[in-house]
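Each structure below appears as structure tokens.
Both of the next two complexes hold chain A, though its partner changes from chain B to chain C.
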Partner chain A sequence: MKSVDVLVIGAGAAGLAAAVSLKENSIEDVLVVDRQNFAGGILFQCIHSGFGLHRFGEELTGPEYAQRYIDMAECQNVEMLLSSSVVDIVSKDDIKEVIILSQDSGLVKVKVKAIILAMGCRERNRGNINIPGSRPAGIFTAGLAQKLVNIEGYMPGNEFVIVGSGDIGLIMARRLTLEGAKVKAVLEIQPYPGGLDRNIVQCLDDFDIPLYTSHIVTNICGSRRVESVDVSEITDGRLTPKMKISCDTLLLSVGLIPENELSITAGVSLNAATAGPIVSSDYMTNVPGIFACGNVLHVHDLVDYVSDEASACAKAVSMYLANKLPQDKCIPVHSGNMVRYVVPSTVKPQCDAILKLRPVAPMKNVKIKVVSDRGDVLKSKKLIRAIPSEMITVQLNDVPTGCKSITVYFEI
Partner chain B sequence: MSKKYDIAIIGAGVVGASIARRLSRYKLTVALLEKEVDVSFGTSKANSGIIHAGFHDTPGSLKAELCVRGNTEYDRLADELEFPFERRGELVVAFDEEQQQTLYKLYRNGQQNGVRYMELLGRERTLELEPNLNPDVLGSLYAPTAGIIGPYEYCFALVENAVKNGVELLLSFEVAGIHKTNNFFSVESSDGRSIESSFLVNAAGLCADRIAAMCGMNNFKITPRKGEEYLLDKRVGKLVRRVIFPAPKTNSKGILVIPTIDGPVMIGPTADDIDDKEDFSTTKEGLDRVFAFTSHTVPAIRVSDIITSFAGLRPVPSRNDFIIDKTEVSGFINAAGIQSPGLTASPAIAEKICGIILSCGLRMELNPDFNPKRKAKIRTRTLVENRDYDTLGKLIQSDKNYSKLVCRCENVSEAEIIDAIYRGHTTIDSIKYATRACSGRCQGGFCTSRILQLISEHAGIDILKITKKGPGSELILHRIDKGHQ
Partner chain C sequence: MAHKEMICIACPMGCCLDVEYDNSIISVKNNSCKVGIKYANDEIYDPRRMVTTTVKTNLAIAFLPVKTSKAISKNLVRNVIKELNDITVSSPVQIGSVIKKNICGTDADIIAARNIS
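After this line comes the complex of A and B, so read on.
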């Protein structure tokens, strides 16, 4: 049976950065597996620009950003097993046995010491948000439409309504308009937009595409193909029927869910708030030797931060293999006032940690505070604004020994 | 000149398909006519997939007789045709004294109908069998002979086997007119095709009243009764092992908690009489009703676990029983008004229809070449679930396409999808029913574009012509202009 030190599952933004960093940390025996026949993951269908500003100091397209990492991986001789799906992970003591279905190599069993989960996320769909109505052709998730348009060269419709103002939906509104389609409306259930400010301006405002916040689709009409959608406004928690919009296609951009079915198979526990694994500040899950980073851990706003997280994760894996990960008891991190979630779920005494969090709702002039159970303020940071679409990062240095838990909250 | 058959069957749902397969045992020429682009695309596709024990139906009714008889056929059928089937049992639960009384009535019904092995269970034993039920349950009626089934796999398998044994399947054949001349029916489709037959079997589901009217008979009406169903993520787990029924009210068996043969739990259906035979919409109100009931029965059920929903229309006849008989028009036989327990009864309905045709004087000689076997494609999903990697490894060696997973949620390989295409399933919905690709939690978000490519490549259909469920439901509207060279 083949054996490797570290198996990285997924060759997208997180997996590539993790593999490159493992090599940089002198871990030579690395195998990256991906189900696609190319590395780079979802970045290849993101042909718009805006990637890499933080990581490379320049504005790249998705494929350009991916290519940077593919080149680095090649430079470092990272071994890749493409067109291959991991279907099972069985942990036996310190060794994990991984089952891979590979187009070129058939059924492959690999023994590994450590695994980095980097499978990314999937899109929420109609069923998840229960839009009533008929079941015609012409209902797509935004990411699937993006793949059809940008990779395959097919137009799934002519007249669109987009549900959800997440970034993929906004980017697709612009993309479809540039391809000659009519985007009649973008509807958002929340009273504020779901995507980044720059995307609201560059993708909607610049093209006169109307955004309706506090609006939802209450019915899909059409038996064979979508013919129209009924739209209601939400005011004080009550629905008021507002309009019928005729369209042939409904795009859903209603959020992403970390793809953790394999993690569950491997015995990894998930965090209900993020739908990603519960990890310590060194990115290790409850299963020793299994680590997670990128969108499989929690959905990020920018790919640059995915790469950063993957590098940090790889560093921790190299320490794990050298038996140098701190063994101290983990201190739980709680989400306090107005905090939707915090990653990681635990930190370790006398160690540094990067906390990533998202607020429940938009706020202005707030303070983000990290306090211990004994009331010590470990960090306090002023923010002019905090919005759910932007991840907030807090660096914690030298977590004090003796505290039993820490809480992160917004002081309004 | 249109082709002549001994028998033409209108409708390739489970009823028409069962009749066709039954008739394929004989040296007869049989045509199976279906208006949709694939079989099982009408009422059958929205079936709950339950093989009922048979205690619900009024003693003495055709429903009761054919349900109980049909039930006993499934072990043999599943063995011959390799569709998924398990005898899991049904449990009708009671939460108050009045409902307890209803259980007793059902028990007596069942006895009269000839249902075997039923038991009335107390609270303790009920919770022992189904620990996730609401602990307030007082007792239950348990019928272990009930089963669950893959309804479209069943229908696909019946038709495949019938076709293999000589039945001719005519798809997209929407009957537009029927004329009887001498001893022949001449049946015309809306696209101009026509066939002739000596016998005509009306298994047209929701349209059975319209078909009968084409032959001059207006003695029954079919009303659509809508049923909304909601499917939960398989991660929720096996909340129940058996089909859970409420103590029934008047017009339906109530809202159930159904363990589907593929793993996920399904809840529903609602039962609402409507006017429109094309209205397959789900509603907010239906969702609320389904949840209000099922979350009381099984408290662990949560709205957030829904992955998809759909609605089906049951063909409810104006008379309160199946309409299975010859008619005043000689050679015209009804298999109409087949609502629940139609799936369960379908093998017995087919047998009865054969008997009727025989009684009409048609010479029915057994076909010595009849082959009852139909082989299913081995599923990657089953092997992965059972961690049977030795078999999977060997399978991949014999067919490399088994190593290419197209649907990641349900572990469906390219081998299975290509197999389904060659069995004649070339729409996205057919591939979904045949293989489960697109039916998992991502609902086709990842695999749809690959399935489009595979259909195009193996069935030779232009991507722009590939549909979800027939003409008018194309997925891609046009190609993007690549610009000038």
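After this line comes the complex of A and C, so read on.
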């Protein structure tokens, strides 16, 4: 049986950065597995620019960002097993057995000391948000449309309505318009846009595409192909029928869910708020030796942050392999007022931690506070604004010993 | 003197700039870096955008992602896309290779954003 020190599952942004960082931390025996026949993950279909500003100090497109990491991985001789899916992870004490189904080699068993989960996320679809109506052709998730247009070169329709104002939906609104389609409306269930402000400006405003906040699709009409959608406005929790928009295609950009089916089979516990694994500040899950980073842990807004997180995770894995990870009891981190979630779920005394969090709703001039169960303020940070589409990072230095839990909340 | 609020699109920070201008910019407020001042200036007198799209190939990968070498005038974006519709790449390219020089007279080049062999 083959054996390696660390198996990285997923060769997307997180997996590649983790593998490169493992090598930089002198962990030589690394294997990266991906179900696709290429490394780089979803970045290759994200042909728009805006990647890499933090990481490389320049504005790259998705494929360029991916290639930077593929080149780094090649430079470090990272071993990759492509067209291969991990089907099971069996943990026995310190050693794990991973079963991989590979196109070239059939069933492969690998003995590993540590695993980094970096499988990313998948799109929510019609079933997740319960849109009533018939089931005609012409209903796509925004990411699938992105793959069709940018990689395969197919236009999925002519007249579009987009549900959800997340970044992928906004970017597709621009892309489809440039390719000659008519995007009639972007509908958002929340009273505020889901994506970054800069994308509202350059993807919708630039092309006069209307954004309707507090609006939902209440019916999809059409038998063979989508013909129109009925739209209602939400006011004070009530639905008011508003308009019928004729269109032949409906794109759903209604959020991403970390892809953790494999993690569950490995015995990893998930956090209900993030749908990602419950991890400590060193990115280790409840199963010793299994770590997680990137979008499989929680959905990020910028790939640069995914790469940063993967590097930090890889560093923790190298310490785990050297038996140097602090063994102290984990202190739970609670989400307080207006905080939707905090990653990691636990921190350790006398250790540093980077807390990543998102607010429940947009706010202006707030303070983010981190306090212990004894009332000590561990960190306080003023923010001019806080919006759900932008992750907030708080560096925590030296969590005091003797504290039983910490809470993160917004003081308004 | 005119007054305008605008979201800076230069980076994901998305600063909400408060701009006072006349025949030239008088003041820019709420920017967290100096790029915001340049953005405000461009956006009022000569709005510019990066263009990313794909061109056909007859190589191993059917579509090549490309980008403009720099931001171009916003009102020329559609012309650029139109001109690129007629281009087919037929020899292998590396990231950064120039696919078309000085597209639509914008002084920007169209460059490959992916390696294709």
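Definition applied: the second predicted complex is superposed on the first by the 412 of 412 C-alpha atoms of A that agree within 3 Å, B and C clash if a C-alpha of one lies under 4 Å from a C-alpha of the other, contacts with A are read in each partner's own complex, and residues count from 1 in each chain.
Note that in this section contacts are C-beta pairs under 8 Å (C-beta built on N, C-alpha and C of every residue); 3 or more make two chains touch, one makes a residue touch a chain.
Keep in mind that what you see is a predicted model, and the values were worked out from it rather than measured.
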Residue contacts on chain A - larger count, chain B or chain C: B
Partner chain in contact with A:Ser405 - chain B first, chain C second, else both or neither: neither
Partner chain(s) touched by A:Leu302 [first = chain B, second = chain C, both, neither]: second
Touching partner for A:Gly50 - first (chain B), second (chain C), both, neither: second
Touched partner set for A:Pro136, first chain B, second chain C, both or neither: first
Partner chain in contact with A:Gly106 - chain B first, chain C second, else both or neither: first
A:Gly153 touches, of chain B and chain C: first, second, both or neither? both
Common interface residues of chain A - those touching chain B in one complex and chain C in the other: 149, 151-153, 179
List of chain C residues in touch with chain A within their complex: 6-9, 11-12, 14, 16, 49-50, 52-54, 56, 61-63, 65, 67, 74, 77-78, 81, 95, 113-115
Chain A - residues contacting chain B, complex: 35, 83, 85, 87-88, 99, 101-103, 106-107, 109, 122-123, 125-128, 130, 132-138, 141, 143-144, 147-149, 151-158, 179, 218-221, 223-225, 248, 261, 264
Residues of chain B defined as touching chain A within the complex: 231, 235, 278-284, 286-287, 303, 306-310, 380, 384, 387, 389, 392-393, 396-397, 400, 402-405, 408-409, 411, 413, 428, 441-446, 448-449, 463, 467-480, 482
Chain A residues within the chain C interface of the complex: 44, 47-50, 53, 59, 61-64, 67, 149-153, 178-179, 196-198, 200-202, 206, 301-302, 390
